[in-house]
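Below are the structure tokens for one structure; questions will follow.
Per-chain numbering from 1; labels A, B and C assigned in written order.
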Amino acid sequence: MAMAEHTTPTIPAVRQGLLSVVLERLGFGLIWFLAGFALLLLIAPSLIVVVISFTETAYITFPPQGFSLEWYADLFGRRQLIDAALTSLRISVWTTFAALALAIPAAFSLVRGRYPGKTFAGALIVAPQMMPGMVIGVALLFFGAYFSFRQSDLMLILGLTVFCLPFAVRLVMAQLQLLDPALEEASLSLGASRFRGFVQITLRQIIPAIMASAAFVFIESFDNLTVALFTSSPRGRPLAVELYNLVQFDSSPMVAALSSLEILLAFVIMLLLSRTIGLERLAK
Amino acid sequence: MIEVENANKYFGANHVLQNCDMSVQTGEVVTLLGASGCGKTTLLRCIAGFETPSSGRIVLAGNDVTREPPNRRDVGFVFQNYALFPHMTVAENVAYGLKARRMDKAAIDRAVAEILDLVSLTDFANRFPKSLSGGQQQRVALARSLVMRPKVLLMDEAFSALDAKLRGAMQVELRKIVKHVGITAVCVTHDQAEALTISDRIAVMNAGRIQQFATPEQIYDMPVSAFVADFIGAANILPRATAQGFESAKSKLNGSAALVVRPENLTLRSAPTDAGVEGSVVFARLTGPCVEYEVALKDGTLVRALLDRDRDGAFSVGETVRVDVRNPAACIALSAGMEGVA
Amino acid sequence: MITDIWGRIRRGQGIWPAVPAFVFLLVFFVVPMGTLLSFGFLSIERGNVDDAQFTLSYLTSTLQDDLFWWVWWKSFYIGVLATALCFVLAYPLAYLYAESGRTLRLIILTLTISPLLTSAIVRTYAWLVILGGRRGVVNAGLLELGLIDRPIRMLNTDWAVIIGMAQVHLPFMVLPLITALAGRDRNIEAASLGLGVGRLATFFKVTVPLSIPGIVAGLTIVFALSYTNFIIPQLLGGGGFTTLAVQVYEQIVVLLDWSKGAMLALLLLSSCFVFVLLIGLAGNRAMRWSEKETT
């Protein structure tokens, strides 16, 4: 009560008129509705593809009619697709190894190194991330023209490695930054060699990040189209390019079946990621 | 056991260790005490081998180890944040060094069990560090170092991560364990109470130099500089002109630049007396059984006096008092002036 | 010797663990980008580089071409509308994430990240199925409900492309917004509510301005992705539909006019950077403006 005497300007009481209450309800109603719709939009298209892949009809239809696995059988009967899938697999594995082999040491240098120009070096190494895949692919294609280096598996692997390197470096760097440098000193003071400390303390603790980068690079290079369209060998197209042609010119539910398999692969990688590094960390 | 001979360290243009000399006896617990940035941690890291001095020598147990890497020095190190390996259990943390030394499994298990018993952590052997309290983590870090039976134990601000109450208890505990094992230890701290609790000798450091290296009593009773006097315990450092006002202490001053008088060595009396110097009370603060008064002397110098409530009576703020030295013999004359005092 | 080398790697005092990545990017990224630049200013026929001549003709002829400006305008407005639609859907979702408990958060995060791992073609293909012909999901549903008696043409329209882009790029908008909104200081909103400001007003006057950095990040990424995407326009826009990015693809892969393609790619990239820069500047402006509003 004593306080009230001192505060001269009277503050109007909080008014909550009917209009403002209704407006608030409507406003937040709209916000929650949009959020729910966005959530639906994230998952529904993929679900629809999976559902229609089981149709018995020879054309795409929703809802699907009957249940059959014939389009999956059709898929595995196509030599060209199997070959393309194997090509993609081979290319993804090579890209994963190449990207990690370059990324892990680079991440160490960028986190622990002490040298002038480190910020610049870091900027260069993550620069490809700002480039559309198309530009990386086109640039590499033109670059090859100077040396009669033509579209090939090797060119595709090089392009994908450039494209994926920033992801890999950043994931490993993020984990390394969390490590306390005193841990390796502790290992040293306990009489362990530098090598032992590096392997058993540091490397051991960044394994989740390495696995997450590997999974990311693998799936990205397996699915990539933008780099592949410009750099892949015309004789052995990767699956993404084959799928692109199919989607454009083939209306058979077989395409939905193939897409469903890719969705399944994404799901497996997703599980792997949530087990190794956790989705919360990945979101950053 | 540890000889630091004329050690210097530069980080770029920063001269962080300046001609440091120190000799630590076997079984002794020594503390490097100083404000942050005084070079105490750098000196400790030089002894551990994490840093190499720019010049000078480090000798451990008679061997010159100046150029040896930390893993060949046989020293234990307890880190400020303990640096426990988060992916290993308590037992695995403790066994890590023994495994690196390729001891056989049975011997490792025995040594681990024994040391965990010593630090009363047997029940926590299979827990991960994250699930332990700060005090428990500190004991794991201690056990992990001690199990290697190092020649020397080094501790960097090992108590700063603990809350105030636990800190005192752990300091006593640590001193007991270290004395029980009989190991030579060097600790680093900025906390004078911690230094007084755990050490046999204290090295007070300032701006890269060791200012005084002596027992806690010697440092308290006979500080060699105004900085040391001010850093350990509370001190009134009276410039020559002010000190001459005190008849009783004049003889002690004897040509030196300043006089250190501890607050508990000052008395206050009500005005009608001629002894001492006149002043007026500016502030009074109760500190348990004692009251700390801040008194402005005639010439403007502020002094602090710590009086017993029962014995010395009470004074109120604004009261005019006579300030005098209780025991002139306990005053310390400083030849150097005020430098180094904040 | 070996331990010494390991020591230097571990401490990373040298730059050299980064050198392989450095050299790799120099050879296979920086130099090729230079090549791309050179191709825009060299007359080259069908990938034959031996008798190339410097020329500005590609630049001048492109900039003088009305068709180019028409295509550019189309790319720009498709990109802007797709980004805007994406934002309108993503912001409420990110807000829902920030306001919800552990389980719902995990669901939202799973649904947001899983499309990132799914091939872009597959996700675009889904829209072909949803929007396509009379048996497409939307038309089939509307016909079933008796709301329409003839299928509506949805595929091969601007809106098909815009909707497709907005959905495919949704995760890239949601993630930075989640980071901005979930990490915010709720006390500021509590203070606003405590001062008697309504919940909706607090949302627009406090929550949204505080998340401007996340908004800028999301808009930047999604605009750049939409503006340079040539797959979605090709699949959902139909044969006659073209954007700058589609033109780059067609010039290089179909028409094999590399120099023209290179010039278009350079114009695409540089205009993209300009827009990204403008979004950043607008974000800064908005931040300063909202600070002035609140104080």
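Odds and ends about this structure:
By our rule, a residue touches a chain if its C-beta (ideal position, glycine included) is under 8 Å from a C-beta of that chain, and two chains touch if they have at least 3 such contacts.
Given the structure is predicted, the values throughout are model-derived calculations rather than measurements.
Most remote chain with respect to subunit C, judged by CA-atom centres, is B.
Of all the chains shown, the one with its CA centroid nearest the global CA centroid is A. By the count of C-beta pairs in contact, the leading chain pair is A-C. Mean C-alpha position of subunit A lies 53 Å from that of subunit B. If you average the Cα atoms of subunit A and of subunit C, the two centres end up 14 Å apart.
Averaged C-alpha coordinates give centres for subunit B and subunit C that are 59 Å from one another.
Residue positions 193-194 of subunit A each touch two or more of the other chains. In subunit B, no residue reaches two or more other chains under the touch definition.
On the side of subunit A, the complex with subunit B involves touching residues 180, 182-183, 185-194, 196, 200-201, 204-205.
Those residues of subunit C that touch subunit A in the complex are listed here as 2-3, 6-7, 9-18, 20-22, 24-25, 28-33, 35-36, 39, 44, 47, 49, 88-93, 95-96, 106-115, 117-130, 132, 135-137, 140-141, 167, 170-171, 174-175, 178-179, 196, 198-200, 203, 224-225, 228-231, 234-235, 245, 248-249, 252-253, 258, 261-262, 265, 269. Interface residues of subunit A facing subunit C in the complex, by the touch rule stated above, are 14, 16, 20, 23-24, 27-28, 30-39, 41-43, 45-46, 48-49, 52, 59-63, 101-103, 105-106, 108-115, 117-118, 121, 124-125, 127-128, 130-132, 134-136, 138-143, 145-146, 158-159, 161-162, 165, 169, 184, 193-195, 197-198, 202, 219, 222-223, 225-226, 229-230, 240, 243-244, 247-248, 255-256, 259, 262-263, 266-267, 269-270, 273-274, 279-280, 282-284.
Residue ranges of subunit B in contact with subunit A, taken from their complex: 48-50, 69-72, 74-77, 79-81, 83-87, 96-97, 100-101, 144-145, 148.
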